[in-house]
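Look at the two complexes coming up: chain A is in both, with chain B in one and chain C in the other.
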Partner chain A sequence: MAPAVNHAETMPGQISVGAPVKLKVSGEDWIMRGVLVAIGLYLIVAIVLPLYALLSKSFQNKDGTFIGLANFTEFFSTPALSYSVNNSLTIASISTVIVVSLAFVYAYALTRSCMPFKSLFKGVALIPILMPSLLPAISLIFMFGKQGFLRFLLFGHDIYGPIGIVMGEVIYVFPHVLMIILIAMSMSDGRLYEASESLGASKVRTFFTVTLPGIRYGLVSAGFVAFTLIITDFGVPKVVGGQYNVLATDVYKQVVGRQDFEMGAVVSMVLLIPAVIAFAADRIVQRKQIAILTARAVPYAPQPSSGFDAIMTGFCALIAVIIVGILGVALFASLVKFWPYNLSLTLGNYDFSLRDGGGWDAYANSIEMAAWTAVIGTCVVFIGAYLVEKSKGFHTGRAAMQFLAMMPMAVPGLSLGLAYIFFFNAPDNPLNFLYHTMPILVICTITHFYTVSHLTAVTALKQIDAEFESVSASLKVPFYKTFWRVTVPVCVPAILDISMYFFVNAMTTVSAVVFLYSPDTALASVAVLNMDDAGEQASAAAMGIMIVLTAGGARLLHALLTRGLARRTQAWRKR
Partner chain B sequence: MRTNFMKILTAVAAGGLMVLGLGAGSALAKTDLLVYTAIEADELAKFKKAFESDYPDVNIKWVRDSTGIVTSKLMAEKSNPKADIVWGLAATSLMMLGNEGYFQGYAPKGVKKLGKLYYDQVNNPPQWVGQRAWIASVCFNTVEAGKYGLPLPTSWADLTKSVYKGHVIMPNPNSSGTGFLDVSSWLQLMGEDKGWKYMDALHNNIARYTHSGSKPCKLAARGEIPVGISFAYRGAKSKNKGAPIEVIAPIEGIGWDLESFAIVKNTKNLDAARKLADWSVSKKAMKIYNEEYAVVAMPGVAKPVKNFPPGILSKMIENDFAWAAKNRIRILNEWRKRYDSKSEPKKKK
Partner chain C sequence: MSGKDAYLKVENLTKMFGEFTALKNISLEVFEGEFVCFLGPSGCGKTTLLRAIAGLDIQTRGRVEQGGKDISGLPPSERDFGIVFQSYALFPNLTVNKNVAYGLENRKTPKADIDARVAELLESVGLTDQSDKYPAQLSGGQQQRVALSRALATKPGLLLLDEPLSALDAKVRVHLRHEIKQLQLRLGITTIMVTHDQEEALTMADRIVVMDEGEIEQIGTPEDIYSRPANPFVADFVGTMNFLAGTAGANGGVRLGDIDLATTNGPGGIMEGVEDGDAVTVCIRPEDVATRGVTPDTANAIPAVIKTLEFLGSFYRATLRARDTGKTAIRADFSINLVRDLEITEGQDFTIALPADHIRVYGEAFAHADDLI
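Let's look at the complex of A and B:
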């Protein structure tokens, strides 16, 4: 990285003539550092301090006196609570194995077969991303509950409990896992397959000696992501869990049901442990992933094979039918007058005014919250990532910022939301005025989804040669002009991806915001939860459908915008 | 190219800001009254409209949840109460909170016209005033019962018979006021020892406990479960909607509680809170209460409500509110210890 040559703004007295070559720190650099520090401070306020408040609360009694590990002792000696640890681990392990296997075969079909309709299958598999995790669970009840038309498939077992939770979680995390495995699969080297074939290895042997080793890190990473998502998810077990308690529903029960914030803090600390372990393990694995793909690698081109392709088509069709079925059942249930006794159609369930959850205002609030999150979140994340990547010197600050940006990934939403109560509702906190407002929901949601957005931005920025900055600097163009005229336009696809990611997640998230909304800022996703709690499942499904439609619509808009803007800003990528 | 890109970006940003702007800017000079309530969501709009048409200068803002949730929320906020008035919450909860010094006394205009049983006789002026009684009932889905060959239960004792195993749902008393009045009435009817023994037996038949008191009946109405222990209003309402259910008042007697209101001690909107209190004991309000509930605080107003179980009034137990309020926390903790740990996967045979 070349030091900036910018005489006019050099701080006097900082660099003596004849000194060894040293990085000059220009006024511009100070601006960049200032902004970097500001964003760092934001993250400290938005994640570090709240987590500290959560941690200290778990060591306190109701009056705020420090009592050491007494709360944790109580937790592990209350059978109802410690069962939940066991239950959570069981559910998460079983669901992870199932979902990784299914997603693996699905990804295998998409990359290694010549089956038809690949892009359709890929699109359908992503549908669950548009839903709050409560919705697939609600659909499962309509399908497999006492009145479910598929009840016979359970052979007398009950959907309320572990079976229902596993089914719901598998559907909910399927797209996330699929995307990770797809990326790993698409990075494999076609030459290895050719070599394997010419050495006379059988298909099975090639699979075990070439395919699996090539994607092992991707699989491990997918496993960790699935495990974390499942153990911290609260929507599915809340709806179909029955009497089968898991940690995530326990946090909610302790806090909302009993207003026992200290015990809630303890449970969410316990919930933090597997999430942090999985996160750390995933980071280590990711580091090993680098450089599988060399410059000379040839993309693998599958050969048609009618039998294999037919099996793969059948498998993908089955999964796709299940996913579309989940959505279709929710839609149908939301339009039916009185399931299962009067199946005539009505829009009555979409009249939310007489139901719990805040009505259509909640829906409007959700859109407002998601829009703010997308706009502000994208700006903060992108500028933050830009400064981490492109500012000069200041290694400690940049490394610290990178670390802060990775932290939110390891924190489950429920823990984050609870941490926000402790931190922002403390009477002596000057930021107390934010409590129970729209801004706190926006801040919380941006923070909750910060890491993935940050990584997306960093990846995009890494593709831009540092020469741009050097050239601009030597032409005495201020960095913000380069940023606005070069960096931003080049990164338009990534910027749109980030804002999309923020918007969709803000629409569907329940876990963190469930502790933070007020009567004036009820949200659609929370309304789904509250209507389900009150037994209004048709209306809960209806609100869920509204969320899917909105998130889906945003996605469509995103696709159109990306195409349109890409034509204008990305033409340079083609010769 | 660059200018076009900027134009698009500006347009997108401007559009976003306009959407965001729509939410703001509807602030009239009204008093916002923050009302904590456990009244069912489908009735709230009606009450708000009726009250605000009489007092257009007050704007009710509801915070609604199940009784247990509202109660523990109020407890948690004790040092810094947010609510102005608690309205339509179980009298037992209000008495318990009142013992903690949560409320201020106020005699609403016309409170003397209410039955003596229906408002605070200990404090003068009264701290809590009852509005109407909500009464336990059992919702029984006849279509589903037919499938499993279940007989129509007539008593609480019937529900512990093995034929109902896995076919009964009741609300969790920790979150639901209906759940609590069931538990409290069993303990009062049978005595503590026999009451808990009864619940042990019932627990064996329970499929699961729900968060809200209306959900068991809604589930029964939808055929998700044959028997839902719930309350009469929800049962009647579901039956009116065409659900194939019978609403049953068990013969031993049924628990009930009073939906009541109380003004929070340090409210900044005392005037508005008193207006709501005055309105809530008026004959007009009583008539609205009676649209869905059979027992209201003002004598001579109530007319029978369609599809309430026959003879329900004579089956209401002599409810000792003071006892229930005093023992509420102890009962709930005991209940949680006994039944909330149903966490192991149930082995069904």
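Let's look at the complex of A and C:
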């Protein structure tokens, strides 16, 4: 072997061997970076700047002068306001404990028993996802309100107040919590159970030494998600809260009722704190969750056990009956003339033209908004996630984008909506023309549900071969061709999931858009709120049912598409 | 080869990952049409070096030249190579045909030419009848050949193979390494393959680059690497080797316990700088230990006891302990015939010899766990 030639000495003018090599950035890399920066800018406009506007508003008085913490001092020294903090924390804590316990047993039944009708039980449990959170609360009033047929079950207590809020929240967040725990449970390793059994451990001991440790991160994560959803939810306490104030309803009252935007901003900021803490804690826990699953894990296969299976079936049946009952009562109430005095059937409540809230136009607006959100949101999220995952170099930009994509999750919908008022309605903002239009509703909704969609896309992208881009570069095929010909087709199931998620949430969301609609862009979910406010509960239920039917229809379509696709592509998807 | 100009030159290449140095000042040359293997244990930097040559993970410092052109800072899309990954990275939603045609379709090549080229490539790897299948419908070996065809389709100047055989069954692997080598010879394409499998490297490569901890330990032909390992690491990593602790003696000889051994110490001059009485490591491969017709008068004879006799199919590997050299164990290969003819059993006294021209002596102590009983 000839000794290496040192070109730094022998060839002046050439790159010195000692100097760091600088990678030439190709045209394609510039395209990637450009698009990444564009999506990053979108998120800056859609979340960072509005949040900044919200933050600065909370430090200003009515004239816009900076007054430091004066608003916050006022908030905490006004008992009527500061009680809400206590109330919110109480409600969220109690509801979280209840819902996580119920969902845990339900998930345990679905994964660890041999009870019948598992897929039916799983399907029923997911029904509340299709509802705006207002709807279960309205149903509760039909059941337990002044004229409720189940009122005796409350033993003289009033449904309006903490009892109603807790019941409504438990139903509303049940499917979200259940899904997280189900995933955690399905990841546990069957071999550990075999080992435990072969070592002679009792069922109880196995439960405490294998089952619980295996899903502890899932449980903690479910708890945080439940807590955040509940403390930031506005629909349930709005309908069934009565005089019991919580932070979420306070924001609404300050802004819509009293037009006190500064105090609204302060309450939003206070609401942001638990949401951010829960979010951060959840992220830390999630990271640990990943580490416990090994590639060689074997799925657990439950053994039949008649007594245990019967108990589990009974428990799940009870929960399922409650959920179906909530939906059934709303449906029935929407179809009768005058609950509970005249129970003859009618479609009159579906004639929204006589009611407040925008009527069928609102429903049409909702569909339009949901469709735009699904289409544009899916494109933006998927391309953004692709660039974060697959572009080369540009580490700062990619990390910043990842951070921006995670931010929306930590921001409650009400805070986001209020932030949008402050930012987009500012007269000197060139984007002011968006205010009170359909686009701002779409932008707000995409942003509100950005994080979960982003994570879904990232997960799907991580599962495909990391070297597609390398191969493509070696064959001199630009990345965007490979993106279109390979990455997108391979990720179609995830893309469908994301668009379905966007659509359903855009149909049901109230919190962020409640501050942003105009008379021309009223939405179905907001109409439910306004009709309920106006005492038109039957029509509110009717509109709620329309939302459930539409969201359910979208889900069904999604299921059919996914199944059809799986059949068409099974030749290359097997393995 | 030194008469020709190198096709690929790597000069003083260094790659840092944060504080960790993955490659330390690597320099090497690859000639046109040559098949070079980067061989080393996992984490030795061989894949990092390959990826730097491809431009996939650019080096921190140093220079890469291909075909006389400085490509040190170019992105992969502006370099000239085809690559096959361990995972193959076949596009799952495209048929075999489409996968192979992928790079051609982007070059404004007429459709008929593409079809002809794809057919020719698939023919050469024997996959003509699989052309309409999807990758998931093929066996691992077939997928590997599709990936190879795709990499070769655009007629790159350099073929890079990153552990292309390690995901396959042992039998398929043996078959495919022969096939890849034949294809490479037929096309005459300059090829670099990364592997941790010494057998693969020895059978396929024209030259092997043995690496450890980000440095090149030796570059040479398979014969060089195996018969004349440059240092104890290479001796240990490639093949099986006895490492015997000894001291340097007079006239280039060495002492093992009470026994004086003559050595020719071959080309390479490893004994240079070693003084009389210094500790050295004496190496010999088990198959080079003389076992038949050895008497105590044979040169370099060592009277020993057979401690274990391990049946390995076509031969026995014996572990012997020299009677006079303390605890040192020596492994030696006994042919089936020998064991049968002499009715050799464990515990028996047996004299072996270490032929002078097969002994390698390294001027450094090298501890090896296997060599102590």
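Assume the second predicted complex is superposed on the first by the 547 of 575 C-alpha atoms of A that agree within 3 Å, B and C clash if a C-alpha of one lies under 4 Å from a C-alpha of the other, contacts with A are read in each partner's own complex, and residues count from 1 in each chain.
As a convention for this text, a residue touches a chain if its C-beta (ideal position, glycine included) is under 8 Å from a C-beta of that chain, and two chains touch if they have at least 3 such contacts.
Bear in mind that the values here come from a model prediction, so they are computed numbers and not experimental data.
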Contacts of A:372 with chain B and chain C, given as first, second, both or neither: first
Partner chain in contact with A:476 - chain B first, chain C second, else both or neither: second
First, second, both or neither for A:310, with chain B first and chain C second: neither
First, second, both or neither for A:485, with chain B first and chain C second: both
Touched partner set for A:26, first chain B, second chain C, both or neither: second
Touched partner set for A:153, first chain B, second chain C, both or neither: neither
Touching partner for A:465 - first (chain B), second (chain C), both, neither: second
First (chain B), second (chain C), both or neither touched by A:520: first
Touching partner for A:84 - first (chain B), second (chain C), both, neither: first
Doubly contacted chain A residues - partners chain C and chain B: 485, 489, 569
Residue ranges of chain B in contact with chain A within the complex: 1-2, 4-5, 8, 13, 16, 19-20, 23, 34, 41-42, 45, 61-64, 66, 68-69, 72-73, 75-76, 80, 143-144, 174-175, 207-212, 214-219, 222-225, 241-244, 336, 340-346, 348
Chain C partner contacts - residues on chain A that touch it in the complex: 1-2, 4-7, 14-15, 17-26, 28-29, 392, 465, 467-468, 470-478, 481-482, 485-486, 489-490, 569, 571-575
Interface residues, chain A side, partner chain B - complex: 78-80, 83-84, 87, 141, 145-147, 158, 160-162, 242-245, 256-259, 261, 338-342, 353-357, 364-365, 367-368, 371-372, 375, 427, 485, 489, 492, 519-520, 533-537, 564-565, 568-569
Parts of chain C lying in touch with chain A, wherever the complex brings them together: 2, 11-12, 27-29, 54-56, 58-63, 70, 72-79, 81-83, 85, 87, 89, 91-94, 102-103, 106-107, 134-137, 150-151, 153-154, 156, 219-220
